[in-house]
Amino acid sequence: MSEVLMEIQNLSKHFTLDTSLLGKPTVVLKAVDDVSFRIDKGEAFGLVGESGCGKTTLGKILVNLHSPTNGKIFFEGKELTALNDKQRRSYCKDIQMIFQDPYASLNPRMTVGDIIAEPIIINKLLPASKVEERVIYLLNCVGLAQHQRNRYPHEFSGGQRQRVGIARALAVEPKLIVCDEAVSALDVSIQAQVLNLLVDLKKEFGLTYLFIAHGLNVVKHISDRVGVMYLGKLMEIAPKRELYANPLNPYTQALLSAIPIINPEKKKERIILNGDVPSPINPPAGCRFSSRCFKELDHCKFKDPVLKEVSPNHWVACHLF
Amino acid sequence: ASTDTQPKASDTLIYAQGAEPRGLDPALVDDGESAKVMINIYDGLLKYNKDSTKVEPSLAKSWDVSADGLTYTFHLQEGVKFHDGTDFDANAVKVNIDRQLPPQVTADMPYATFVYGSVKDVQVVDKNTVKVNLTAPSTPFLANLAMVMSAPIVSPKALTDSKNNVNQAPVGTGPYKFVKWAKDENIVLVRNDEYWGTKAITKNVIFKFIKDNSARVVALNNGEADMIDGIDATVVKQITDAGNKIFKAPGMNINYMAFNTSKAPFNNAKARTAVSQSINVPELVKSLYQGYSEPATSILPAFMDGYDKSISQVAYDAAAAATAIKAAGLTKVHMITYTNPRPYNTATGQSLAESIQGYLAKVGVTCTIDSFDWTTYKQKVKAGDYDLAFYGWTGDNGDPDNFLYLLSVDDPTMNIALYKNPEFDKLIAKGVVTPAGMERNAVYTQLEKIAAADAAWLPISHAETLCAYRANIDGFYYHMTGVTPFAGVSKK
Amino acid sequence: MLKYILKRILMLIPVLIGVSIIVFLIMRVFSPDPSPIVLGQHATQQATEAWRQANGLNDPVYMQYFNFIKGALTGDLGTSYYTKTPVVKEIFSRFPATIELALVAIVLASIFGILIGVISAVKKNSIFDNAGMLIALIGVSMPIFWLGILLIILFSGTLHWLPSNGRIDPLLQPMNVTGFYLIDSLIAGDMYAFKDTLRHLVLPATALAMYSMAIITRMTRSSMLETLQQDYIRTARAKGISEGKVIRKHALRNGLIPIVTVIGLQLGSLLGGAVLTETVFSWPGIGAYTVACILKSDFPVVQGVVLLIAFIFVMVNLLVDVIYAFLDPRIKYSKAKG
Amino acid sequence: MKKKYSANTDENLIQAAEYVEKPESQLKEMWETLRQNKAAVVGLFTICFLVLIALSVWVSSLMGKQILPYDPNYSDMTKSFIWPNAQHWFGTDQLGRDMFSRILDGTKISLFVGIAAVTISLSTGVLLGALAGYRGGRTDAVIMRVMDMMLSIPSILLAIAFMAALGKGIDKAVIAIGLVSIPEYARIVRASILSVKENDYVQAAKVIGSSDTRIIMKHILPNIISLIVVRATLGISTAVLDTAALGFLGLGVQPPFAEWGDMLGRARGFIFSAPYTLIFPGIAITITVLAFNLLGDGLRDALDPKSRIK
Amino acid sequence: MLLEVKNLSTEFKLKRGTVRAVDDISFTIDKGEILAIVGESGSGKSVTSLSIMGLLQKPGRIAGGQILFNSQDLNKMSQKELQQIRGNQISMIFQEPMTSLNPVWRIKDQIMESVMTHMKLSKKEALARTIEMLDTVGIPSPAERANDYPHQMSGGMRQRVMTAMALSCGPDLLIADEPTTALDVTIQAQILELLYRMREKFGMAVLLITHDLGVVSEAADRVIVMYCGKIVEEANVKSLFAHPMHPYTVGLLQSIPQIDDESDEPLYMIKGMVPNPLRMPQGCPFSDRCDRCLERCTQEMPELQEIDGHKVRCFLYNQDSEGGRAQNE
């Protein structure tokens, strides 16, 4: 049994979009709603789901960019949600994030070297004289040349920038890295480069990833376990082979079948879902997926299924089980 | 149904003035712009002669003064009606004076003290006779009763109706009746066809307010106005070129520079003289006012009682001034001045100060000028932090006391030279009680001489009244007290 | 929508209170004493003191403010120190003149601004574009009062084509119904007066409109240029619609939406510009009057005018937002949704 | 929905590749683009020229030397209202002062007030805007409400009121004009901070543990600085106009200093007898304002080729 | 042959130089065929489609070549003539359903505009046609939704509306520029399905532009692979996926993590990045990223050559060179 690095219990994040004249919330968006799971030390936990289902919000809660409305987060046994701002800061460096958009995640007015050095300086990890050396080391780690450290982000391509972002995250020697769609914005040929880099770094530094993506193939490539989200809820969690071979939740099944296969000879049976992803403001009652589900039971519309372990390590939230 | 209802132009006189009247209640206002309108609406007990400030009967047919000079009895015109139809009578006179006497008088009746300060009480003798008792003899009192401030008689009914403030709804006995007042635009008067005296010739009079001097000229030349006032020398040519006429009358005012006599360096008469000497007043006046102000040789304008040709100020002598100034060690002076044009100084205090700065520079004195708008300026004057200051005075009633008493009062906003001379004060007091005549005039000539010798003021100029009117206007005149009666004006 | 408007109107209250405090501080606490002006050349210190006492200027500042608010709530903004007329009356007798001038100016500015802006955008980099932009640039660079004077010199002083001052020939002054002479003269059916009012409006409105027109021109141009870059314009072209239709029906409608905001803001700035224009053209409006009152420290009037202008400004902005939501269906949606 | 990154990608790629060729500082890059814009260059040169005049007039007057043809403040009453001629290129005014010298001298004040006022409003506005935008919540509400209040009073009226309260003088004009344009900067800065704040790199800075101050100073402000520069340039032109307006209304500088608006205001009475006293100051104002507008527009275009205006 | 593109080149004149976004490409589309163009971002796919539509905006311009539609050269037509064809015989769906519809028009008006322009129908008929089309593309209760504004619809719905609009006049050729890229996976599947269905129903030819090889493999009949504005490979789908020839195509296929791939091997990587379009390398544009680069690859540009109906632009396949052997690898 591997060691638990992070444990998330009943985590929720609700955004108030409008208030009444008296300031009472009238329109509430439940971006993340009662989500619980754990991340083991050294694993890559993949999180997939369609746009707007709350993946980024979840990731941002973990790195303290959002404060949760509800729920607890334990990191190495410490309850982060119980800490005050200052105490919480000291955990900042343990949990880092890599962002989706390689163009927006680097400050265009700083050189790449400064960007990577910044976390080291802020967290006073090294004496000033050693910083440069470390920056060069990190650049090398992510496959950039040391002479590039004096350049500005706009002088780099998307893939290279993503590498800079990774180096910045690595600079503080984090234990957990939240990769929010770290390769989604990249061209296919570049995507492979970054993915491979992430895999290598994980091995080299013993990192743990929360790997957020909407591309199931990418998640599959990199993750050990995968969670599937839909409208703020976790629908299914399983080790990746188990999940891809034996998806239990109808949503997971549909998601998997929707991915085109690169082989014109092998046309597969497709599950085409009806309609669109509903708005997270007024999500369907009962099971969130019930409005589009092709295996809907009577009580799906009324009762919210809870996540249960149907086989070892395979958790599903569905009334079918 | 669009009918072109253009009224006949010859029925209407349009007079463009530079500012809007403050109001039309004679007790509540103090500005010349109001006076121009009020003179046409109201009559007083007395009025000034057309060409001087001699008093003539008006609502009072005749009057008697008691030997001790303390009681004035007025015999009133009979059958006079106010514009609102009520009768003018002795009671109306009493009401009008009483409202400006304690205890009724209020702080915002600016002329009450000046005009009626010496009045003890008013007695109605009968319907057409009224008696005014004074606390002390006052020679200017009769002249005061001809003023357009404070003195005109307002309908008592109107006063009651308008809560003692007829600023917006004036009712008098005058040749014109008030019709309406469009704020910032114009005031319209119409002829009083029941007028007790000589009725006005033209039916309507419109006072138009055009703040900008050059715009007023444009308006005249464009035919948008029949008469304008407040013009300055620079536009005369343009006006006459357009075929219009200029009306020029001597002005009852003085434009002066005052030395702060209360502190160094100008507590020393020599220093004052030296500075006065360095300024070429005639030249300055000629350039600044382009011939439309007289260089002042005395405080009183030439046409007033008490003026004497023999009076003269320190003569211009730059060389002598330079030596004296050097000797006095005077290198820097601090001037304060005002930015607005004033009736006695159309060029603004600022320009005047700057030109004097130019003269002083020539004799080695550097001036710093602080200029303020009029409101602030008055406060700065009160604070007394200056060496030189600029001011002026417009006569109210043609009495010499009205000019010269300024140098004897304690109020620093009036006596800005902070001049103190017991001898001078004594003479002023004497002048007030001396009955009009040669003896009295001699007192004021004497006062002028003292002032000139002490050089507390440098009198600069008497601004001429400069008006312009279109060639088809007849009978227009501008009285030296700054009012424009329109009863005799016609338009061809 | 209604709730939104209600919310905005509620927000007006603190703004107005704040504005009154700002003006109060400037005018009552820091400004010179109005008494010398009010009391005139014969004022003695004693009279001054009495007057100050009578007008409550010797009370502690907070009491003065409190009294002012008390009055304001009952619709009594006090009496002008100077003319001794109720402020409300003073303001409302002058207000229509300013509004009429500002409205005519904004109409002029909008029509010409949009026209030139659209032409410039559609014919980008052409001679029209360059000429239009040059006009716009000069428009924002010329001091409004200078322009006014130049106009007077040229059209009144030299050519005698147009009157230089006032709203109307006083002989023609229509019955005061709305205070807007254009409307009043129409009500009276007096075409002569209507024409005369227009003639009087031309120069001041032009001078006042110039700056706003320039701003609107520039905004229209850039908004249209941006709109023409949009994907849906490409879609429209891909449909095979003629270029004229693409511009008129697709680009214009979208491109003009943000202009509404600009026009609204300009209306506010026109009220400021009116201060100078009215001074130059002797226009009997509130702007020049307010300046005079500020200089005379006629506190009650200034306070009243500024509150009124602030009120109008905020209401115009609210109106603009409502119109905006009306023109742009997306806005309504986001309100309904969030 | 997924965002459209690909299209950005290749535009950026073009740029990226180019910058690799000649890595340059932000300013230099701005200058390069600016140089292409003829109008902006004209504006820039005019400004340099004006600054040069102002500086040389100022420095020489400090050293007690006179480089202008005449002492701009020297009044010779015998020479009032001389029409432009070979001795007095722009004629003389009512007090016999040389208009040409006064106009050149006036450059000093206009530029000084313009720049100083913008400095005040800019620094205060940026501070307030940054606080409001970054902190959000109550701080934001309070600051922005106060700004709204100031904005709902026409700025010229507010400036006049300030001047009436403070009195005449350059220093006071600077304060008045500076104060009234604070809200504009505060709003712009707040709006841009709100948008920059959403950028991932700001979030990234938070994740690595940067303090708020550091984030504002290091990550946010440098990224809106160019926008602020543009605003400030255009702001100077507004400030010059406002100064002129105050001067015109007689609230400008203390005499005898030459200030264009003041000169214009005082020339108003002479529009027919001495129109040149009115024409030249007006031209001087227009040219100065125009120059700053040209430069400001050019800068904006240089920063944002689509010249998007909010 | 419906459309024949001959030696088309399109350039963008920028201040810093000229970008040749499309460089001498030729291809044809037959009636009813689905031709896919794939390629990395910036390879010139969209520019190709805009060139065909005559919708290039300044500073872009067609530098040479012919675009023959039903044997008429579109490039030589006047704007008026082009407008007759656009939206009528050739129509287009764009990548961005969110921004490609006019936000202030109801969707029915947007579709009706097209119908009324080209089909000369009355308003009533046009509305009927519009609703019918909306129904065809699978919009539930089309009569009501027709009154919606674009923002009231989800991305998938909008893409359907776009499709309905494009098909409303029964075009012979539909150009779909990345119609699914911006959509969620499950919605992507819906739209692809829709396109397929529509092709069956209306029988039009489709030029499908995408960078997703998965989509190509499922939908297309024939494929063109573009790289840096050039066609580097062209073949029918089966042939392309079975025997990719160009090293770029090969690399592309291998670098995508496959859902049915169970190994934990690292992915294949194409090294480096796309060259700067302003400074294209001499020779083959892929040469500096190519694992099998020959010396002459950096010197001269290989020609597109046909080998058993499979076209490829690579020296490795020159019969007379040593690279020819690579084919048998």
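Order of writing sets the chain letters: A, B, C, D and E. Residues in each chain are counted from 1.
Convention: contacts are C-beta pairs under 8 Å (C-beta built on N, C-alpha and C of every residue); 3 or more make two chains touch, one makes a residue touch a chain.
For reference, the UniProt names are A = ATP-binding cassette domain-containing protein; C, D = ABC transporter permease; E = ABC transporter ATP-binding protein.
Just so you know, these numbers come straight off a predicted model, no measurement behind them.
Q: Check every other chain and keep only those touching both chain D (ABC transporter permease) and chain E; list them.
A: A, C
Q: Applying the document's contact definition, name the chain pair with more C-beta pairs in contact, B-C or C-E.
A: B-C
Q: Among the chains, which has its CA centre at the largest distance from chain A's?
A: Following the centroid criterion, the farthest chain would be B.
Q: Give, as an integer number of Å, the spacing between the C-alpha centres of chain E and chain B.
A: The answer is 90 Å.
Q: Could you tell me the distance, in whole angstrom, between the mean C-alpha positions of chain A and chain D (ABC transporter permease)?
A: 47
Q: As a quick test, compute the distance in whole Å between the mean CA positions of chain A and chain B.
A: A distance of 87 Å separates the two centres.
Q: Could you grab the centroid distance between chain A and chain C (ABC transporter permease)? Build each centroid from C-alpha atoms only and quote it in angstrom.
A: 53
Q: What residues in chain E touch two or more of the other chains?
A: Residue numbers touching two or more other chains: 41, 96, 155, 184, 211, 274.
Q: Could you list which residues of chain B touch at least two other chains?
A: Touching at least two other chains: 212, 214, 373, 376.
Q: Where in chain D (ABC transporter permease) do residues touch two or more other chains at once?
A: If we look for residues of chain D (ABC transporter permease) contacting two or more partner chains, we find 1-2, 6, 9, 13, 16, 20, 164, 268, 271-272.
Q: Which stretch or stretches of chain E touch chain C (ABC transporter permease) in the complex?
A: 53, 55, 79-80, 82-88, 91-92, 94, 96, 99-105, 113-114, 117-118, 149, 151-152, 162, 165
Q: Contact residues on chain A for chain C (ABC transporter permease) in the complex?
A: 17-18, 20-21, 27, 29, 281
Q: Using the touch definition from the top, list the residues of chain C (ABC transporter permease) that touch chain A in their complex.
A: Interface residues on chain C (ABC transporter permease), with respect to chain A: 3, 6-7, 10, 337-338.
Q: Could you list, by residue number, the parts of chain D (ABC transporter permease) that touch chain C (ABC transporter permease) in their complex?
A: My answer: residues 145-146, 148-158, 160-162, 164-166, 237, 241, 244-245, 248-249, 261, 264, 268, 271-272, 275, 278, 282, 285-286, 289-290, 293-294, 297, 306-309.
Q: Quick one: in the complex, what on chain B touches chain D (ABC transporter permease)?
A: Residues 212-214, 217, 232, 234-235, 237-238, 280, 283-284, 286-288, 337, 339-340, 347-348, 350-351, 353-355, 357-359, 361, 369-373, 376.
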